[in-house]
Structure formats: structure tokens, C-alpha cells
Amino acid sequence: MEAKRKSAHQLAREIGNGQNTARRLTEEGLKRCKNLNASLNTFTFIAENEALEQAKRVDKMIAAGEELPLAGVPLAVKDDFCCSGLPASLGSAAFKNFVSPYSAAAVEALLEAGCVLIGKTNLDDMGMGSSTLSSPFGPSLNPWSTEYAAGSAGAAAVSSGQCLLSLESDTGGALRLGASHCGIFGLRPTPGRISRYGLSAFSSSFSQAGIAAANPEDIGVALEVLSGFDERDVSTVLCRELPQEKEKDIDPGTITIGVWDGDGDRQSSANRDLISQTGEKFRQGDFKISEISLELFQETLRAYYIVAFAEASSNLSRYDGIRFGEAAAARNLDELYEQSRRCTFGKEARRRSIFGTVLLGKDRFEPYYRQALKIRRLFQEEMARVFKQCDLLLLPVVKNLAPLIGREAGFIDQYEEDYYTAPISLAGLPALSLPAGTIENMPVGLQLVGPPLADDLILKVAAGIAEGLSIPPIAVRPGRDS
Amino acid sequence: MDYEVVIGLEVHVELKTESKLFCSCPNCFVPEPNVNTCPVCLGFPGTLPRLNREAVKLALTASLALNCRIALRSWFDRKNYFYPDIPKGYQISQFYEPIGSRGSLTIEDDLGRPKVIRIGRVHMEEDAGKLIHSPTGDASLVDYNRAGVPLVEIVTEPDLRTPGDARRYLEKLKIILQYAGVSDCKMEEGSLRCDANISLRPSGSETLGSKTELKNMNSFKAVEKSLEHEIKRQRAILKSGKEVISQTLRWEEESQKTIVMRGKLQAHDYRCFADCDLAPIELTAEEVEEARAALPEMAEARAERFVHDYKLPDYDALMLTSSRGLADYFESCLEFYNNPKNVSNWIMGELSARLNSAGIEIESCSFGPEHMAELLRMIDENLISGKIAKDVLEKAFYSGKMPRRIVEEDGLLQISDQSELEGIIEKVIKENPDSVGNYRRGKTKAIGFLVGQVMKETRGKANPKLVNELLVKKIGFK
Amino acid sequence: MDMAELEKAIGTIKIAVSDTEKEELLAGLKDFLRWLEPVKKIDTANVEPAFFSHGAVNILREDRSEKADISTLRRAAPDFDEGFYRVPPVID
């Protein structure tokens, strides 16, 4: 349990100065992935040939004197991102043979920075969920205990050392919850920091690209590579507001961390303990601490679900079995739509599409959809007021431990798992899930949230109290199964 | 009982841009299916739309040209429905906040009196692809070349009262949009499409009767005809005491009849909501005013200017400004040859006749302004006669050759050489003693016949003025 | 909320659903709408809906055309033949 991890930026430096090669590392990494994947079901596809090719390319570029910020860093990419020439299941059994004709902007940027894409990670039904339990390819298991779901397969990949960096999507909290369940760091950046182009988003408002890694610095390096205006995604225009000069080291004494310990849930006492322990660490690190109360938070999860479902019903309408995916045998047009869409969607995607259609219906549009958009504005305003009282806000990230495999909760209970994460999506704020301790030997994190564009501050503050992470037992001797 | 006819038109116009509305695929017609496509306009997973600046500019221009109020903040919504020709399961369209609203256009009614037609809205949207039925009947085929082509939809209030109103509205709309540089507006090629809503109500009634929707008219004439047909049909139904069923009808050009296309018009619930994948469009009042000031000159203003600046008769000015292409052509000619009335005569006369018989538009005519200028200059310089010029124009019209080259190659240069003409004149005098005698007896008209004979001898190449002078000198009273 | 409204939504969104699943969905939808009830009680008088998740405005692309590589796009289609995407016969 004491084995320490190498960080991605250290590794890139070693490769950059010739102490190591991307090729050697990739070969070792692939072996490790294949071993662990057999027991954890982390990947939908391991890109062995492509990874070796890219590693060779990186070594050549390094030899030619090029500087790559993420040279040779093994990368996992969630399977709702498109990578040119690689399969993209998008969380659908009907897409298992779909080869994307183009690459997502974020994937392009990471490969250009020297990352080696090891494989595509498993995901829930059409990316809908934060457990992997609804995946058409079976759940991904948690490296800390295979009785539990990973939450996010990419987080499991980082946690178990199958990769050092994971490109993930986060809509209502998948990345942040998964990072917590697997004991690593996961950043959902301010919407607009990372281009969404090429991410199959079920919600145009909320689906974002994010990064998981074993330490905040690695996320920082990746964010710098990924952040910037991309004319293919209008929201990235926000990056033009970023300061030209990078912020220097922070002075904890000038930073106030607001603390909110959540409200009435089963694990609230555990969360309260974690919050107070972590608050104490901040205090010891000379940060100012201030108690914050939130008014509207409780109702915002529902508002999030209304908007997310409404958008899902529309965003998933392109899956009609005509231009891509699988077409069911059909005698008429309606049958083609109905059967193709049935074989594309799992139960959850069906539910969200249908419920979303109901919510956008004539008589429900005003009391649900528009009302949710009004709540979004009210909550954004409340959070703006909160960030006048503090620079960052510390709050719980999970309500419960990772879901147990084979014991699927009712769907509304599953939505409730996003209690602390979805509201942050609704408000459009950056949030980092950071490891904070263990409960019943399982890792549990907390969330550090900031105002828009506070991503870099969040990462610096988190780095100020971060400790070296332990490695989960299954990953200590990964060769044992072979 | 007498009935009042109420007609409203929905016109879709393709914007003249280089690329599609939300992606860089070319916006042009190609016969081969599915070649102007890319991951964005095919709705591939993860792709996002990218709004075309020029399309917004043209939509703004169209709105201003139609006297609309301009929304300082507008955006795109999703109109959600399934059909194979729309790739995303929704059409991106401006549902809640169109860029232009509450505009108007003035036409002449059946009696020639001015009549204002209110325009409810002008909004931007993406076009759908095309659905074709396979010859074997076992499948339908989808072509997405047109999917994502930028359109503006222009919707009138129900202010039109006769099929003639509808046709004149369309003609006027076409001229305005062409002048504004927004669209080609060629109904035959589909760059202008028109659906009509029509209902009848007892004269004097304020409430609207149940309406039908007419589709598939592919010319202004067809719009007029189909409306006439539909008025007759609805009137007969109402007269027999029955009710008109609200439905969509399809105009069949061959049989000149309408057939039912879709049963009962349903208020379809498109579940429209704002598309977050795009950014709203914001304009300042100054930007709108700038765009208004930059509006191209419209037909009326241009006609007035033609009368004032070029001293053209009203009729000429009206004819020359009946399409922007013609007016542009006219003014281009003047850059090379500055005799407006002469140019006008030749455009309205010979050139128009050629265009009509060849069935082509002035824009695609190979007899350009330089050709016209050169031709007219040659007449002025007595190098060719007007009659020869007509032949030269015809040749140049089809070959695209410059008039001077045709004249040289075909040896059509006018004979203005006195000594060369004198011989021919002697011959004509000798062969036509009667005419000469008549002339000398005071029948001056006889000279015309003699000139004609000389022209015939020279196959039209003689300078008629010179021939006349020489003849008079030779046979005239001493 | 009744079966008729649910079936209308299913018809609109075009997904084949078995009768058993329909029953399950109806029960679930009723629970879901009940779960959403508190949302209606929030006072949002005079609040303008936040239609957009981002603050971007006027993000426009220059009007230049470019041809995409269509061969890879066509390969993704389940039924593509002689230049066309094929669907069952559509009767207007």
C-alpha cells in the first residue's frame, strides 16, 4: 500500500530527457492493461497497435528535439469521445463496430501533446449514469474492491495504474463521483475550458470534457494542453477571458475556503467528518475557512434532471439507423426508427428519451422545462453571491459509497446519487473531486468548487493539501493473473 | 352567399452563400448525391454546428429589405421531429425569436391599386435533404446534399385576397430579394419555394374559415393556378353546405389539380427549445442602421435614378429595372459606352428577344456588356449598319466572340469608300431607269428604292447615308 | 399522467417499447413526476429562464467552403448504395 506513483508530468520529463522511452513504457503499460482489464472490465477497446505507433512517433519527435508536455503519458479516453480510426461505442451495443471518421478536439490536443492513447474506457448506457452499471458491456469493477462498481472506468484506470491520465465526460457527475469512488482526482472544468467537439453529449447544456489523474499537477498540465478557443465549440470562447500570464504561486493567507457540509442524507455524518478533517488540513495550510450556507441547493438536482432529460430526448434523436449505427430490419419507416432506436438504446437511454419528451410536451413545457431554466438562473445567482463570501467552496461529492455490483438501486435513487454533483453542473461551475479519506476501506472524496474560470486556482489549492495517494490492492501486483 | 378569399404565403428562400449554414460543405447544386456532406451536416455523434457569418448577414439584409423590425438578440431553436431527410432528428430554426418580424411589402391589387401585405416574420433555418423514391419501389433514397443549406423563411400575414395578389407578391418578393443580393430566387431550381394557406369565409365575416395548405407549386403561375383551383373547390364545398377539411394538398402540374397529401392538419408538437450548441446573435442598433444604410438600391429607386441620371423615358427605366441582372447589365454597358438611350434600345429590343428565344437569364448570357459596347460603337463609327449589327449580335450571343472579330472574319465592314460605291451606284442607275425617272419627276420616295438596290448589291455592307448622298448627287436636279 | 400521454410520447420519440415495459415506464414516470413536484413550488416569478448554458454570443464562421472526405462517412452507414442512404419506402 505504500508504493508511490509516478506523476504524468514527471514521466513526460523522463522521456523528454531520454531517461525512458515512450515505447518501453507503452509496452509495459499495455501488458498491465490487458491483465487488469480481464478482472476489472475497464476498457471497451485496447488500442494496442495504435498505442505502439504513437509511442514510436513520440520517441522520434523527442529524438528530434521536440518538446512535448505529455510525452509518452499513457492516456485512457472514455468511449463517448470520437477518435479517428478507432471504434467508439458511445455506450451502445449498436455502435460496437462503429469506427469514428474524425477525432474529438480534446483527443487531438492530447495526442499532439505526446500522450499515448491506450484504450477507450467503459461507460454507462449512452453515457447516462455515474456507475457503469448500465453499460451494455457490463459494469467496470472498482480496483479497491471488486464488489463495488468503478463509478467511472477512466477513474478506475488511473487508480489501478493502467494509465496516468484519463479524458472523461461529466454531465451530472460521472467523473467526479468516479474519481471519489476510486480515490483519485477528477476535474470537471468550467464549461468552455475544453472543447466538446467530438464528445457524444446527451446533454448540450451539461456534458463536458474533464480530466482524471492521480494528482492535481497532472490535471493542471493536461488542462493547459486542452484549454483554449476552438471555433468548433462556441462555449470555448470563454477561454479568451483567461489571463494571459499564468498565475504565480498562491498565498494561502489571501484565500478563503467556504465550507458547506451538505444536508440530510444517510452518509452526512461521514461527509461531515471528512469535511472537518479536510477543513483542518486547509487551516493548517494557512487557508482561511468560512462556513457557508446554501438555500436553493436541495431543489436544483431536480431542475438539472428536467433539463438533462429534455435535451437527451433531442440529442439522441440522431440515432435513427440511417447514417451510422445499426439499422433494424424494417418493413416501413416507423419500424426502422422504432426498432433501430430500441437496439441502440439501453433501458436508461430509453427512459430518459421518453421522459424528456414528456417534459417538453405542450402542457409540461412551462411548469417543468421553463421552470427548471428559471431555477438554473436563480441558482447561478446564488452561487455568484457565495463566491463573494469565499474564493472556493468545499462540499461533499458523494452521498454513498460506490454502488455494489449486482444490486441496482431504483432509478430515482440512482439520480439522487448526483445530489452534490449535478447542481454544480446546473450552475456551470468548475469542480474538482479530491480524495479525502476512506470509509469502510473504500476511498471517498470531496468537491472543491469555484466560480467560472477558477479551475487553475482550484488545482493549486488542492495541490497545497494533497498527499501521495495509495495504490489499490489489485494493482500492486498486476501480474498475478497472468 | 358570397365568399371572401384569405391567402397567406410561406416562402423559403435559399441564401446565396458559398458554404452551408452550420458547416463548410459547399452550398451549390451537384447532381451526384451525398457529396456535399460532412460529419456535421450528417449529424454524426459529437459534432457541433458552426454558424455561417454570411448567412446571418444575408438574413439581416432580407429582413431590412422587407421593412422588418430587427431582433437585437435572436437565437436558434431545435424543431424536433423525425423524417429521413433531417439528419439530427431536429431542424435548427429560429422559432422563438426570428431575426426579422413585422415587415411589409407593397403590391398592386387586381385593380392596380397599391396594397400593403404584412410580413409576420423572417427567420433563418437549415434546409432538409431530399427524399427520392427508388425506381424499384422497394426503398426510398436519401440525398443529404441540400441538408444544412441556409434558408430564410418569409411568412406573410393572411393579407392576400386573390390568386393574382399571391402571384404579384411573389414577383415583387423575388425582385426585392434579388436586388438585395440575398438569393437567386429561382423557383424552377428550388431556390425559392412557396407553400400557400388558403381559406374562404362569408363576406363581412371576421373569423377565418378552415384552411388548406397547398404544396408542390414550382412556378409563380402554378401558385396562381393552384389557388384558383382551390378557391373553386372550397367554394363548391361551402355552397353545398359542407365543411372544408383542414388538410395538406399537393398541386399536380400535369393534371392541373390538387390531391390530398396529408390528412387532417395536426398541430404538431415540435417541442421547440433553444439550441445551446450555438451562440445567440446580438446586434447593436448601430449595426442594424449600418446594414440598413448599406442595403443595395432597390428597383424603384434605381428606376428613378435611371430617369434622372440617364434621361431615360419612364418605360425604359421600368423595363431595365425589372430584374437586378438587367439593371446591372445596363449600367455595366454604360461603363464602356456612354449613350444610355441607345444601350436601352438594344437591350430591350434585340438582346431581350435573343434571351427570350434562348430561354436564358441575362446573368448567364455570353454577350456581355463589353460585347454590347463594342457593337454599338461600331455602328456609331459607321463600320457596320444597324441591320448588320443585329446579325453580329446574334452570332456573338451564341458564340461569345467579340463583335469586331465577327465583323472582320465575316467581312462585314461597312463600305464607306466613295470610289467603290460609285461603280455600284452607276450600275443601279443604269438598271433602274424608271425609278430614276420617277425621282427626277419629283417622286422623291423613289430614292429609297434605289438605296435599297445598292444595299442589296453590297449585301447590306454599304453605308446607307453615303449611298443616299451619292445617289442624290448623281441623279438629282442640276 | 396516463397511458395515453405516455404512448403519445413514445410514438413521438419513436422507440419500440413492449407492453410490459410500458407499464413499468408509466409507473416510473408517475414516480418521477412526483419526485419533481417540489420544483414547481419554487418562486420564480419575474425570473428570466437561463436558456443558454454558456455566455457566448456572435460566434460566427467565415463563409468558406471545403469538401470533406466522404468515403469514411459512407462506410458508417448501415444501408448505403449507389450514392444514396436507403430507408424503407416512404409513402407521403
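Letters A, B and C mark the chains as written, and numbering starts fresh at 1 in each.
The definition used in the following text is that a contact is a pair of C-beta atoms (placed from the backbone, for glycine too) under 8 Å apart; a residue touches a chain by one contact, two chains touch by 3 or more.
Source: prediction; values computed, not measured.
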Requested in this report: Count the C-beta pairs in contact for B-C and for A-B, then report the pair with the higher count.
Outcome: B-C
Report summary line: Most remote chain w.r.t. Subunit C, using mean C-alpha positions, is B
Query raised in the report: Just how far, in Å, is the C-alpha centre of subunit C from the one of subunit A?
Result: 23
Query raised in the report: subunit B to subunit C: how many Å between their CA centres?
Result: 40
**Report entry** subunit A-subunit B separation of Cα centroids, rounded to whole Å
**Finding:** 56
Report summary line: Multi-partner residues in subunit A (2 or more other chains touched) are 101, 204-205, 231, 234, 237, 313, 317, 320, 322-324, 333, 337, 357, 361
Report task. Mind pulling the residue numbers of subunit C that touch at least two other chains? Result -> 12, 14, 51, 53-54, 56, 59, 61, 73, 76, 85, 87-90
Requested in this report: At least two other chains touched by the same residue of subunit B: list those residues.
Outcome: 39, 42, 44, 50, 82, 84, 140, 142, 144, 269, 271, 273, 276, 278-279
Query raised in the report: Contact residues on subunit B for subunit C in the complex?
Result: 17-19, 24-27, 32-39, 42, 44, 50-56, 73, 75, 82, 84, 131-134, 137-144, 250, 261-262, 269, 271, 273-274, 276, 278-282
Requested in this report: Over in the complex, which subunit C residues touch subunit B? Could you list them?
Outcome: 12, 14, 51-54, 56-68, 70, 73-74, 76, 83-90, 92
**Report entry** Residues of subunit B touching subunit A in the complex
**Finding:** 39, 42-48, 50, 78, 80, 82, 84, 87-90, 140, 142, 144, 269, 271, 273, 275-279
**Report entry** Complex interface listing, subunit C residues touching subunit A
**Finding:** 1, 5-6, 8-10, 12-17, 21, 25, 28-29, 31-32, 35-36, 38-40, 42, 44, 47-51, 53-56, 59, 61, 69, 72-73, 75-79, 85, 87-90
Query - Contact set on subunit A toward subunit B in their complex - result: 80-82, 88, 90, 100-102, 104, 196-201, 204-205, 231-234, 237, 310-311, 313-314, 316-320, 322-324, 333, 337, 357, 360-362, 365, 369
